Amino acid sequence: MYSFLCDYSEGAHPRILESLVKTNLNQTDGYGIDSYCENACSLLKKEIGIDTVDIHFFVGGTQTNTTAISAFLRPHEAVISPKTGHIQVHETGAIEATGHKILTFPTIDGKLTPLEISQALFEHEDEHMAKPKLVYISNATEIGSIYTMSELESLHDICIKNHLFLFMDGARLGSALTAKGNDLTLNKIATLVDAFYIGGTKNGALLGEALVICNDALKADFRYHMKQKGALLAKGRLIGIQFEELFRDKLYFQLAKHSNNMATKIADGFAHYGYTFLTDSLTNQVFPILPNKIIEALESHFSFYRWLKIDDNNWAIRLVTSWATSEREVNELLDLLDKLHNTL
Amino acid sequence: MYSFLCDYSEGAHPRILESLVKTNLNQTDGYGIDSYCENACSLLKKEIGIDTVDIHFFVGGTQTNTTAISAFLRPHEAVISPKTGHIQVHETGAIEATGHKILTFPTIDGKLTPLEISQALFEHEDEHMAKPKLVYISNATEIGSIYTMSELESLHDICIKNHLFLFMDGARLGSALTAKGNDLTLNKIATLVDAFYIGGTKNGALLGEALVICNDALKADFRYHMKQKGALLAKGRLIGIQFEELFRDKLYFQLAKHSNNMATKIADGFAHYGYTFLTDSLTNQVFPILPNKIIEALESHFSFYRWLKIDDNNWAIRLVTSWATSEREVNELLDLLDKLHNTL
Amino acid sequence: MYSFLCDYSEGAHPRILESLVKTNLNQTDGYGIDSYCENACSLLKKEIGIDTVDIHFFVGGTQTNTTAISAFLRPHEAVISPKTGHIQVHETGAIEATGHKILTFPTIDGKLTPLEISQALFEHEDEHMAKPKLVYISNATEIGSIYTMSELESLHDICIKNHLFLFMDGARLGSALTAKGNDLTLNKIATLVDAFYIGGTKNGALLGEALVICNDALKADFRYHMKQKGALLAKGRLIGIQFEELFRDKLYFQLAKHSNNMATKIADGFAHYGYTFLTDSLTNQVFPILPNKIIEALESHFSFYRWLKIDDNNWAIRLVTSWATSEREVNELLDLLDKLHNTL
Amino acid sequence: MYSFLCDYSEGAHPRILESLVKTNLNQTDGYGIDSYCENACSLLKKEIGIDTVDIHFFVGGTQTNTTAISAFLRPHEAVISPKTGHIQVHETGAIEATGHKILTFPTIDGKLTPLEISQALFEHEDEHMAKPKLVYISNATEIGSIYTMSELESLHDICIKNHLFLFMDGARLGSALTAKGNDLTLNKIATLVDAFYIGGTKNGALLGEALVICNDALKADFRYHMKQKGALLAKGRLIGIQFEELFRDKLYFQLAKHSNNMATKIADGFAHYGYTFLTDSLTNQVFPILPNKIIEALESHFSFYRWLKIDDNNWAIRLVTSWATSEREVNELLDLLDKLHNTL
């Protein structure tokens, strides 16, 4: 049964495996101090267009978020996050486990605005309350939306004005940067946030996230924090080799674009029959609202999550595409939908 | 220049890469809930000979130690460790970062005995002091020695009697279990300790440690702790596939045995010229004490660590072998030593 | 200018100071192991009517909450709290600083119901989310409301059924237990919650809260947690002597009753002129909604907090009474109100 | 039975209690923002002779150490401490519970020297190890010795040179500053350390330590850390009033001097009979080494700790004096000793 459950159902893009095989017996130093990691950093800096950023590799998103945020904050400082933020919902209290409160705000589309940040600052006025210090956003968000340049600029402005750090979770950054309507670039992001990461795991790597620290004040001693959190891999080359391959020639963006295209094709297919969507996702997650009967019929051929119960007769489901989703499976899904419509 | 710096200088055993390539496009669920991980667990349980242990996969030793120890202890409880223990020396205070004190004791050979445990219990008598609760040992130790069955039994006994957990760091467990003089087995270890891990990273894997929880009282909710520490890999299959390959047919032990053999050959080579050693290592680390002149000459052809200054004219160096060390490089090292002896 | 800002504006009830003076030169052991603390515990157990509870003394509410909650929970476990809970709003992230997430729910009157607890359990389903384990309530709540026996029983039932701990913050427990409409007793509370504390600081003591641990499973090693959190006072007698005095002869309840009476008198005074209230407080906090003009006039003679802006012309203010509030000051406040009404 | 167990066996100096009684009904704001605390700060600053230090009041030593040290350090930074340091031995892992490793070094007399600091820096060279950042010393030390000005200057110099903070635990600072041989002053200390505290609990207060932050870089947001650790007392005046009294007219130093005098008298008494001492204490702790027979006879009339077993026939005991120790009890002790010598 084909799965649209997530964007990490398969292994890695074949070029990555080839590169691992090819370099396998070359000896390197450990813990990310090797030529592959160095070259990957160079490629990333070139892509970002800023030579002075610091880049560190991690095995996954929770580890990246936790290590970075706990390194950036002092004990009394808190994070501002959308209520749907991954650190708030799906990381088992990892940020709190490092001692920091998360202040959450409901949003319509998973995106923070200066309004919620102002509110957080207004409500937290003295030493009897945690002190807001870091704004956490995801791009793409957990529900598939993306930040525009002007939105990110307005967040940047209010953060600068209030001495807040701005941190972008980029687990699905590839998908965001290749989405319809996107006007951000890695370069622009690097000028607007204090740190962000470029997600590899959900875009063709076996595992790997590249944290980019833009703010000089946050760079010192960062590898100490990584080691303490178990984030320095003995064979650090494993991630370096992968990012080398992903950024040698735009493969990263091609994979993300493909993934978005497949999602758009699915969305268009559902829209064709008049279905509406929980959110207007422009990236690789699609949330159609369907009658239970349709869902049940789809479930016997495809795996996906029921996301939110709309009413007794309808649910929103989540379909996720990836670099590995082929047009064939998308066609089969849409063919099934078509067949269901002709018969139900 | 060939490196004897560590046992994680290369990638993975070729069979592991082949398996990754072969399974690459098979879809699986994420976070270690997949058929590869399940099969790896079955193989490990069979090798251990106890079906009721719980097994969890991690990317590295620091992450394993930190997640397990912090999950097992309540906030006021402390760890007893040799002064040379990896958690004490080389993990950037990771255990303390989860809130727990480490009580350390000097040892001659890196191994704890009931004596130090008794001392820890005697010295920590009331609520003004942290409460000793978990005994941390490494096998092989950080300086290459190994625990015998009777030594481990005596640690087990004092721990049982005093309600202490016994935890074995097995980053180099393969090397220990295939060393000359070893009389322990995975099965025996599993009956004597509360939890231990089987290190893959230093024995042929790209990355991966298999934590084995033997004590029922420590099993509940363990995956919560893993997720909170960033230790649940989205593509958890990556580690499952590797342990499948390592334990399908004793490859794990063959690799470790090879590594030990290469180390023994090196040790014998140095002993032949009358050199002594910092410690009697039976595993894959050798610590010959050499005149500076010899060391300098070796350094121009091989990489290794200067470990401890003995006096103005002599240092102990550390040479580490691995699954990937070939007899050819060992011979070249010994040939160079021979040549130096004929000319100096 | 007389202050209705809080219930800790003065020192201690005179009998407490007399007792401190009288016992001053008697030598005792330190850290709460003294005859005064023992006697205070006996008096409290007698008042509670259960001899098997454990009692520990703390200097303040934040310290009590933090020590108890962090001692009761394992690292992955979370607290369920009303959005207005003191631990959520006014303790600078102290609970999170010990590693635990707080899951908050909006309430109308500051009180949790089984509904929010069910929701928390429903939403937190697997190891990717923190695990709800302890329910935090305050009685009286932060906005002056109190729990009835049937409300507390229903919380108890859902907690028992779902293996949750129920913890009551009793910073203003005296006020709750002597409020109009209260049908709870110390004894009844002790049978329904796992732990609670009896607040002294806000009811006549210089400082001091008595934590009562009812659940046997939470008792072991508790003094270790206290010491680690800096909560074992060298001169622990200081709190023992105070609770001895407060519970020797019901002084504790007399002081709280007085405080409530003064608040009721104030509330009646404002109601007389038709003012409404932000919440129906039955305890020692009153929240009248007043025109700005009235507020400004009151502010030139009395101190109090502006609590919530209602609209451009009106605010809710907070007036707090205490054991030390005399009828004279209350009369002066009401006289001023009367005068303002005759002149404005 | 009279107790020489510790210096916190009694309540407070009578003048303190008088002041509490006298000010009892004056209303103040809470949490240390009141005229008593302000005045106490002024008096302390005057005594220190530096107007720009920040002063914060705490209820006890463990709370002061924990709050200050965790506020000063980033997560990967460690403390250097003598092996006998209070934070290492007698605070139940409180520092580690805030996430920081303590690096300990054996000393002869409880005092660190630049040698141990150099060693700590030498041994901790990269990100695989915790980073030494703060040097913790106690004055007087836990075994009664004191730092001289030149010793403190040499610690200051090495700390400045290596960007380390120097922190002095002053639980018994009064005793140190009035000891024979002392050449330090509050002013001198404030110029040489980054922060220190002036202990009240062990020198006449009911409870109270005054933390003095000298380094500007450590001052920001400090009250947030206090609140988070439960260290902001609602009735903060309680400590302010006590320090006002202690520093209004040198009472603090008079009490400490008296305590030292009593200890010296005891030491001279034991020395008279030829007994030796475990350490040369110049402060209020005396450690005579006595035959078991003498100890048993003393134990039937006085309370004190057996400190260290010397051999089968002899123990070192610890006798502690305080502001409240009267010459009468000291004479009784020495008379008993005399009697024992005449009869045994």
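Things to note:
Order as written gives the chain letters A, B, C and D; numbering starts at 1 within each chain.
Assume a contact is a pair of C-beta atoms (placed from the backbone, for glycine too) under 8 Å apart; a residue touches a chain by one contact, two chains touch by 3 or more.
Just so you know, these numbers come straight off a predicted model, no measurement behind them.
Between the chain pairs B-C and C-D, more C-beta pairs are in contact across C-D. With respect to subunit D, maximal separation of chain centres occurs for A (centres as means of Cα atoms). Annotation: 51 Å between the Cα-based centres of subunit B and subunit C.
Centroid to centroid, with C-alpha atoms defining each point, subunit A and subunit C lie 43 Å apart. Separating the centre of subunit C from that of subunit D, both taken as means of CA atoms, is a distance of 34 Å.
Shared interface positions of subunit B, defined as residues touching 2 or more other chains, are 75-76, 91-93, 97-99, 127-128, 130-131, 224, 227-228, 232.
Contact residues of subunit D toward subunit A in the complex are 31, 70-71, 74-76, 98-99, 127-128, 130-131, 221, 223-228, 232.
The residues of subunit C lying in touch with subunit D in their complex are 2-3, 5-6, 8-12, 14, 17, 20-21, 23-30, 59-64, 66-67, 91-94, 97, 201-202, 206-207, 224, 227-235, 237-238, 324. Every residue of subunit B that touches subunit D in the complex is listed here, in rising order: 75-76, 78, 89-93, 96-102, 127-131.
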